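Before we start, here is the structure in question, set down as structure tokens.
Note that the chains are named A, B, C, D, E and F in the order they appear, and that numbering of residues resets to 1 at the start of each chain.
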């Protein structure tokens, strides 16, 4: 497709995802022959980890003229409440329509990256895998996983997200596999038979039997080929507790399987991460779902701060550009 | 494209957005020659308004064989905590890969629809327009607006969302238009000159001058052509208060403009809706952003409850299908 | 032993358990030749279930002269805060030394009976067994169990307590028995082989395996001879949850064992009883430990209210006997 | 009586105070010919002061064979939450029946000793006398007082408790003595006439008159023979306040009685002790009742951790003995 | 003095107590020759009992011309939050200077009257005397007592206040009188000797001795001439408690003095009034100090709502007079 | 008037504002021929800034005989809870009647001074003007303003208060002035025309238009003659916010008026002062109303502590004078 086609078919470039009042503004300005150079600043409604800036800059690159000027913070940088993270100086008609899109990209992705960072910090040295793709719409689940990786996660669950983050998807086995085989050991042996060697063997051990008993059964069945066990005890059974992790660790060690790791999932959130850390539970990895995927967006606001170089702003805002030495010039490339 | 192409290119059908462990499960079951008929049930982690079911049933229609059996609640129905909203009985390999997608669709959309319903109920008889597209990633902003409409909103801001909801996008004017014109009355007159007659003239009155003063200025300038004014006072100026609405109403009435309506936006959430209602503020419409768009997803869970007709479940769940007389049979069509 | 021996050897009658200042008071009054008839009233520091009165009246019967007058509430009656539950009119030297003892009897036993009553009411129709003997000193554990029975418990754990309450001790099996046999089914079969038929077969099912799995194993092994299973899941595994009870019930029913009852123990307290009741968990009996045995005593106070028929009281109290139509005359027997 | 008599008559040794399921376990094991050497560990449900261990070791000495091995913390030592305080390795049939008793002894006495320690620490340098015998059943009031002494109290109220603690009982005078004499000074003079010189003269000064007035009256009547006054103001009159103590101290000093001490009682608990300390009230001694005697037991748990030297434990516990370098070997005597 | 003298010497009429900016406004308007007829409305910042209106109307009567129009609520009426209680329509220069004064009069007096009303309602049928003159500056203590009477008090302590309220001052006796006599009975007998018969004999009974003991002493000394006793126990002795009142009542009754009333004072506030009422304490009168005298003023605001008949208001207020059918026309007299 | 006239006409000296029981006490003592030298101590019910002592000492100077002895803290000194701030040793009849007055003076004025001090400290380096005269009765508004000055305020609003504090009254302009002129600029120009040069030109900028717009208009109209603008935004418009101050500052600076100061008023209290300080809002002055004028009085108590040199006190107080090295001798002058 040619570029003009793209502007008629791409959901963002075509303006279909733009607030209708922005399209109407374009129409009015065109009819009046107005296209001033404006300086627009973008800032968040709270502190966090900036994410989505790469996608935003790609969008701007597609629409801004060569003489536009863009300053921005970098992807993954921490940002403060109301700190300017992006400043665009360009003829308004070039980019005004895309305000809805670039604010939305930053909002969703910064929300996820910020939650991921909090979880990663609470987990200390233990790696965190994003397992929440199933809790957001598939049209953005990859973006959510990408943001989780930007926030510090060590892996994610879907190929779509892994591709955006430049890595490989991670996974263990679903309860369904075990239910179909009717036995955890049988399912794990089948997994071991058919999966390529680079896939870690991690047995889910809470489907049919007690977690400690099942952990020993799969360890005895797979021996050194078993990378680890996954504890995912459901809420009806009290979730995974720090003491359960300690007990499984002790029973595995006593039975001669100190190499088998313990991976914990199921309702893990900030509070539980801190509980596990405080109890010194010997966890080797966490799978975290809605504590990251359900994070609220961090709203961003775009403000016109100058027109044709003259400071100006709506009531409530200070006219003129806001100094921020952390901003780097990205357009034109310095 | 043919259907097989779709399965290799569509992000959902290709499995790119699926948890990797589901793809691996497919591989293992194929290698073992296992493809039992399973009954899978889907239930939410809390009460709310079910949304996304239409999209889910479309997905299932694309992959299920003719003899599959599907029971579901309808789009927009209220659902209780842990109520089964969907039951699929079919050979597992046909649909197992799509669990991530259909759970995610329901999670995001039901979260938004539920928040919208709460706002709509708090607003009483006053219509609510969803204005939060700018606070979520553009890849799902249309779905968010669709869900808001399912939840009871009277309108939304983007063409993408309006199309999904079978309506027209709504909007007023951005501060930017007024800043470029340098005066609210000038901007409103230009809006009036160039917009088709079916677009309501709603003047945003907090950009340069006091809201009450500006309301009278635009009313005098447009007279009967003015549908209403929009109060969007920023937090730095104390947001829109119930008393401000009452005062603007009184001043408009006293000046002979009782026909001019008052539309309120800017940080409107459940708490503020209740405040306005309790104060009897004469609001004619609300624009609501992140109180809907920032709603957390309502997580859903999928459980295998029978294999080849035999009740079975993982620890923590009760084997066998869960009776729910509210479910309607959707496949095969009754 | 003769009665005089008893007064020198019995810990209570000898005064060894009396506050030393009461013994000194006896000495001083004797030396001064004073022994007035006093009216002493006893009242609690809070509402509850009166318990220990029988033991107190036995003590008074051993020391009061024939012309003494005693009024009392009955064992097990509810009492209000500061309600007079006992009034003794007799020469002071006959009984003054025993004030420490009769206040202490009422305090401890009323504390336990009151806690038991609260648990029994929270449990609704489900019988409650007192299992807390192990949490109080064995010199009073029988009295604690007696008070629990007075408070409404359906049974208790030790022969000493059961004897005081006129019933038989109840019990299931300890984890130790199962640990020694190395298997729950083996232990339960041994229990079944050697216990007389009147002892109910209740298998403890959380020692080695998952509770649901083990419940089915013992049900299959004992069939109709199995009265029930006991769930006593430790805190490290999330305690017994209402959902666990529902699941075990469903799995037992589905496997053809609807006659097997479910007995719940382990940290059961008022809060958890209310949780189980609200969730409609199908519990057939509760074993309750420290929620009863650890109840604080309800302190009682004894006040002189008249001397030789003349109203008199210390500062803070109203002189003269306190009317209470609920009191019944017990000495002399009416 | 011979030892066999003791096993049939002593409430503990006979098993009458044991949970019935322990007796049944003995019967089953005997019938099956099982008597393995087990290692049992005992630990508390919270931190505190260990008390009752002497009584427990006496019980074990009566029943364990010469080759048994016992490790324990010492009476009065602080213990941490879940710290092993006792480990018994012996043939199970020798001691299993007494689990109820030794857990109960430790529970009640450690509860009291821990509360006493807290009060003693809150009182700073001011001695604390345990006055709560009247608030617990006389069958254990001596044990309560013994535990209070272990916790740091300087004295107790009954001969039974004092004997267990190797000291003399302490006491002042009851309101009854004063009510019978009809005047505080008369009662105090009678006390002085008849009590041996080693008994301190402490006058209770709140019975008939204002505390300050009465303090001066008794001081004038007894002069140097008066050791102190006791303030025990009832709740109806606002209890003893720090200001009352200061005022009585000042009035005594001004009247020439600086040697007369002030002893405070009546509802003194941790909160009030801290209040008095913060106010710098010149208290010379506290009498504390239910703040010690009403302390809840600290539950203890006994776990089998090895059988015939093989590590083993129920679900939720880690098999094998728990290292604790603080334990000292007590059987066989090292 | 003539009226013009008054305008130069009276602190209010001279403008000395007016905000300086009002005097400056007078000067500017005079210099500009402006003296429009304005409508000014006065409303409170919260609900309560309106007090001070009489004084305000007197002030207005002194300054307004015959053709002015004044509408007002009546002294002592309940008023709602922001309800217009006063509307003045007159040439601004006549009364503008006195805004500070009339707002201040209403603020202080309505604050006191409102607090008094709350106390009176909490006291139920028991009369309340205002005793707080000593807690406010003597220049307004009479006004405070007047407001307390308007709020429902049955009496007050100073002649100045009583005169304003059209009644006689009430009082008992100070501790000083008793301290000088050295004995409560002596002081009370002197009081009885020298006071005219219409003054009730109320003995203060907490100065030297226990309140109950002293109550009986004064009752025995004065017999039928004693109207009542006053309990004023200081905080250092636990204040007056409901139980103390009950006990004194009982002891007086038992001693044959049922006619002696009990008057309670000392830190009595809303909370304590409710405590006494809930306990059914037989109180015959309360003396209340800072719970009334320390009440915060209820601020009032004056708004210009019309000039020369034309509706007008500052931002935040609705132009034009506010309808309030409760207002009565007071000037010109209807 | 002669002095004897004063004693019959002055509201305080005549005893009209005294508690009636004090007058009766005078009568009784005279009738009994009693007039002992007493030592009376006065102390507050809480910590704060002592104010009113000058007025009290003036009162005492008018009534005490030459040989009286008075010790006192100085006006404006900090005082601790219950610290003796005044001790009078003199024949009781000379001054006893005035206890009500001197306690009330200290109570009201210390309450105001203490609140003022808290505001001044919260405002940091920004001067605070007392604007609350309109919220207290005009008979004490001057005293309130005097106390605010003692507490640290830089100015006050009425001539009466300024005179007591030895300063000039401060003020800006009322909304009324602007409403009558119909325009803020016109009103400010008139103010400028007619006010003497020593009166600062401060324009109130929230009456008709947006504060920022109006600030620029008055700055342009008056130029260097404008001292500052006053922000007094009403609650209906969200009050003055820190961001509004920052924005007005920025817009004034950008427009070339850095010399124009910003004065903030309207509901300013401790909480808002701290908010402004934390936000670094560039405020140049605060006008504070009811946060000072509505402060509750700090009650004072007067106690007889010695009679004719003999220590003595009522129950609850310690007899004899209380040492306080901070007291200075004021009578006879040292």
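We adopt the following convention: contacts are C-beta pairs under 8 Å (C-beta built on N, C-alpha and C of every residue); 3 or more make two chains touch, one makes a residue touch a chain.
Bear in mind the structure is a predicted one, so any value in this text is a computation, not a measurement.
Path length between chain A and chain D in the chain contact graph, taken as the least number of steps between touching chains: 1. Any chain touching chain A that also touches chain C appears here: B, D.
For the pairs A-F and B-F, the larger set of C-beta contacts lies at B-F. Averaged C-alpha coordinates give centres for chain C and chain F that are 65 Å from one another.
Each chain gets one centre point, the mean of its Cα atoms, and the points for chain D and chain F are 58 Å apart.
Averaging C-alpha coordinates per chain places the centre of chain E 21 Å away from that of chain F. Across the assembly, chain B contributes 208-210, 233, 235-237, 243-244, 247, 315-317 as residues in contact with two or more other chains.
Viewed as a network of touching protein chains, the structure does not reduce to a path, ring, star or complete graph. Under the contact rule defined at the top, the touching pairs of chains are A-B, A-C, A-D, A-F, B-C, B-E, B-F, C-D, C-E, D-E, D-F, E-F.
The touching residues of chain D, when paired with chain C in their complex, are 11-12, 15-25, 27-29, 31-32, 34, 36, 38, 52, 92, 96, 99-101, 103-105, 107-109, 131, 133-143, 157-160, 163, 169-181, 190-191, 193-195, 199, 206-209, 233-237, 289-290, 293-294, 296-297, 299-300, 304, 307, 312-317. Contacts from chain F toward chain A in the complex involve residues 210, 212, 243-244, 246-247, 250-251, 254. Remark: chain B residues 208-210, 213, 233, 235-239, 241, 243-244, 247 touch chain F in the complex. Contacts from chain C toward chain E in the complex involve residues 311, 315-320.
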